[in-house]
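Structure incoming, see below.
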């Protein structure tokens, strides 16, 4: 999608739905700006090992004697800690860039997988009705009332620590939100004429589901989706705060914040503050893009 | 608007603090502790926060001072009248909060109750188990007969809070929690108890010992470290325990705040895998390519010593603990009677460590995973990362995994790890860590139940065996010291540091810091002007 | 309709049963409660005694059978930690959590509705953009961090509000409530705001989206064409229409707030159910965890049932009976 936007010059070419989508998206300068910011963040995350002065995940490169240095100090390794260091002597700038990686993986990964599972089950529940619906919705009830912390602890006990296991824990918690949202919308949509028409044409179920029903459920799904990416990142931070998140030697933004949290009262603000700012910018960018997407995709807002 | 709010806030906060701002006439104090008290029943759950509160309400035959030395409590004196018989002379004219007199009957009742508290997840039964028969000589003299000589009897009695037979005969744990049965001989009586939130105490004006300083005490539980410090800074509470090390620097500079601190009895150490024999793999050790090593390097004392001297303990104490600990080479700190003289914290010597590794046949080192809890000890997850850095520098590439105590402790108990961080809060007698951590696991003797590395050394076991029946105190202490020396020389575990216990309070208060970590209302008083 | 309800109740029982089973297996997998609860210097004999006292020496399926038998008689077991009935412990802590959750919801509606309405009516205005950007803050910052910031600013530096705890309570219906005393309300303010942040964002976003869609509806256009005052159009026609989805979602959110205000309650030392459940999970106090989650799952089922009933009343096309067949 990012390539598409960059390559989209004001078109005097033939108008395809896709081109229209692109030009409508570009109508909002804010959204466009947010997209650029997001792309930069994504690039930073992808190329982290080549940009950062330190590999913050390699214990051999850290030195506790350089712990909690103020922003701007020159460390033992000879480079400047522009954003200071944390308690282990981890360069905050390097830590944040690497942390972006983890946070984006965890946030986007869990939201995407949860969305796929949740939306499919929600659609199925609404479309099939009857027993299928009951089973799926009771599963949703069960899931919604199951505390994230307990789920995370159980996964930790079964699978051990690791970034993928945090993603699994978050998916386990999040899919229910998507399922509930999609089912609600789909219940209304499936009674509409176009679905009945599709059914009369005896189209296969999967085509009715994914070709006709799903697109019309997209707007609320995108709202929930972009919010859930943010929520997943914040939730991961909370899990890390409770000691159930990503491994301590591979901190995400959330874990960096949680680590620095204890130093807030003592004035060593940078350990928690800068990762917080990075997290904030990332999430704001994702949401501004998401908001614009939703507006563009929402058929009911068409004038 | 803001002015008005401010005034209201001021009025309210003075109401909370009471008259304490005027120091000398202070009538009440609000304290906040980190660990929740789970029960007011003194025999239900052996847990530090419960014991601290129990010490406020109840007394023991043998009390302890701030340095954990034995003091006459409800017993004035004690001695072994025969090899197998201990006699305690009881304090006369002591009354329970409800006016009932204290006699030898109550002591006998208490000891019988210990093993019989229903559903107790961690009972005090171990302290009455050596006693085979109880003999009441007169209302103020009681004798305990044991199967074998039991030199630790007075020490055992420092753990047993005495109840009133008449009051507590049918009292359930719920009665205690509701406050109805929380009646002892101690310096404070319970006014109300909101489980997990707060306990309110009122001074027992008829207390036999030193009168407590405050008429009323509000004892709150604030588990979140930052919130507890914030509550102290905001003046909502006047006294907190377990001051987070990250806040120490700031609090030391704050002229509204005073700190009281003392070196404690809790050693933080690394347990090593002694279970897998030398020719088998240890679960989290591989060669540098991640392949099985085919042997357990931790069985070689040179490797253990290398890992120990690779650690810069002073750096950990200064940088990670922010000074709130002392480097250690053994379980007990200097000044305690079973401290091993001459065993100092191993000096930091990375070159020596590399040499030892090479001598042991690992010139290129190996890979190891260091496990630890992340919610149990002060800065636990930070310490294992720091150790990981230091081991990696001598060629032992270390990965570090921290997990919540809930999932950690079970695995540690099954000896699942190659190396793990753990702590031990000792009583001042070296036999305590010896029995529980260093002695060979033996069910019949009750030894080694926390020996998570499965260390086993017949010489140490023999000395411990002797010490446990040695009634001559000087000889016994010598045996305990010798056994500990063996463990230190053999690097049975890698001691890191002994924690400093730190309390924080508003300037108008003073406190006697205890090395057993207990936060007791009677230890707080107005500061001298 | 009756058939439908009966079916739902039966399903609810199944779900509760499933929940208890999952928790039993889950807790068993996580660890051994005795290892966590027992004093570290307890010897092997004492450990075995404790395992027995808590009934953990039986095979897991037998433990579950014992639990079910007792549960059928209304006894959900005693807490390993407090030695009190699990249900009693939970009910004791419930008022504190309920009033916090309701307080947060009310704050969310009071702040979120007007802002969302404004942002929806003037979607391209400068103020609206600020509101929308600000609403993102509400769910992007971790709760524990915001909580501490609130304490630092309002309790430590400004001294306006008490930092933690519940304060004085008044008695109503035999229960202790904070909102009955001034001191209690002051103690409740910060945690309630902390808990409300996410909800404020949610309400703003839902309201704005709803307003934007509704404003383009034919009946609104018609009302405006008829010459009704903008205020009347906004508050009568638009507002009425968007309130339903907002209230639905907020209602659902209320459920999760009641169930899991864990972080807020820990940071503010608020003695509610959230704190009880996290403490219980930390020491694997299984009876409390099981009882609590069984109760929560019932609550969610009830809330979802109400939502389904509301849907069917609002939109006759969603017929309840259709799901029965």
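The first chain written gets the first letter, and so on, giving A, B and C; residue counts start at 1 in each chain.
Going forward, a residue touches a chain if its C-beta (ideal position, glycine included) is under 8 Å from a C-beta of that chain, and two chains touch if they have at least 3 such contacts.
Note that the coordinates shown come from a computational prediction; the quantities given were computed from them, not determined experimentally.
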(request) Return the chains common to the contact lists of subunit A and subunit B. (result) C
(message) Centre to centre, using CA atoms, which chain is the farthest one from subunit A?
(response) B
(request) Could you tell me the distance, in whole angstrom, between the mean C-alpha positions of subunit A and subunit B? (result) 43
(message) Centroid of subunit B to centroid of subunit C, CA atoms only: how many Å?
(response) 37
(message) Report the inter-centroid distance (CA atoms only) between subunit A and subunit C in whole Å.
(response) 23
(request) Could you check subunit B for residues that touch two or more other chains and list them? (result) 226, 230, 233, 375, 404, 406-407
(request) Two or more other chains in contact with one residue: find those residues in subunit A. (result) 153, 156-157, 242, 261, 264-265
(request) Among the residues of subunit C, pick out those that touch two or more other chains and give their numbers. (result) 30-31, 148, 152, 156, 281
(request) Sort out for me which residues of subunit A touch subunit B in the complex. (result) 59-60, 62-65, 67-68, 87-88, 153, 156-157, 161, 242-244, 247-249, 261-268
(request) Note which residues of subunit B are touching subunit C in the complex, please. (result) 5-6, 9-10, 12-13, 16, 36, 38-39, 41, 44-47, 115, 118-123, 125-126, 129, 173-174, 177, 194-198, 220-224, 226-228, 230-231, 233-236, 375, 404-407, 409-410, 413, 424-425, 432, 435-436, 443, 446-447, 449-450
(request) State the interface residues of subunit C toward subunit A in the complex, per the touch definition above. (result) 7, 11-12, 14-15, 18-19, 22-23, 26, 29-31, 129, 132-133, 136-137, 139-145, 148-149, 152, 156, 202, 205, 209, 212-213, 216, 252, 255-256, 259-260, 262-263, 277-278, 281, 289, 293, 296-297, 299-301, 304, 311, 315, 317-318, 322-325
(message) Per the contact definition, I'd like the list of subunit C residues that touch subunit B in the complex.
(response) 30-47, 49-50, 53-54, 78, 80-84, 89, 92-93, 147-148, 151-152, 155-156, 159-166, 183, 186, 266-269, 271, 275-276, 279, 281-284
(request) State the interface residues of subunit A toward subunit C in the complex, per the touch definition above. (result) 30, 129-130, 133-134, 137-138, 140-142, 144-150, 153-154, 156-158, 180, 184, 187-188, 191, 223, 227, 230-231, 233-234, 237-238, 241-242, 254, 257-258, 261, 264-265, 272, 276, 279-280, 283-284, 287-288, 291, 294, 298, 300-301, 303
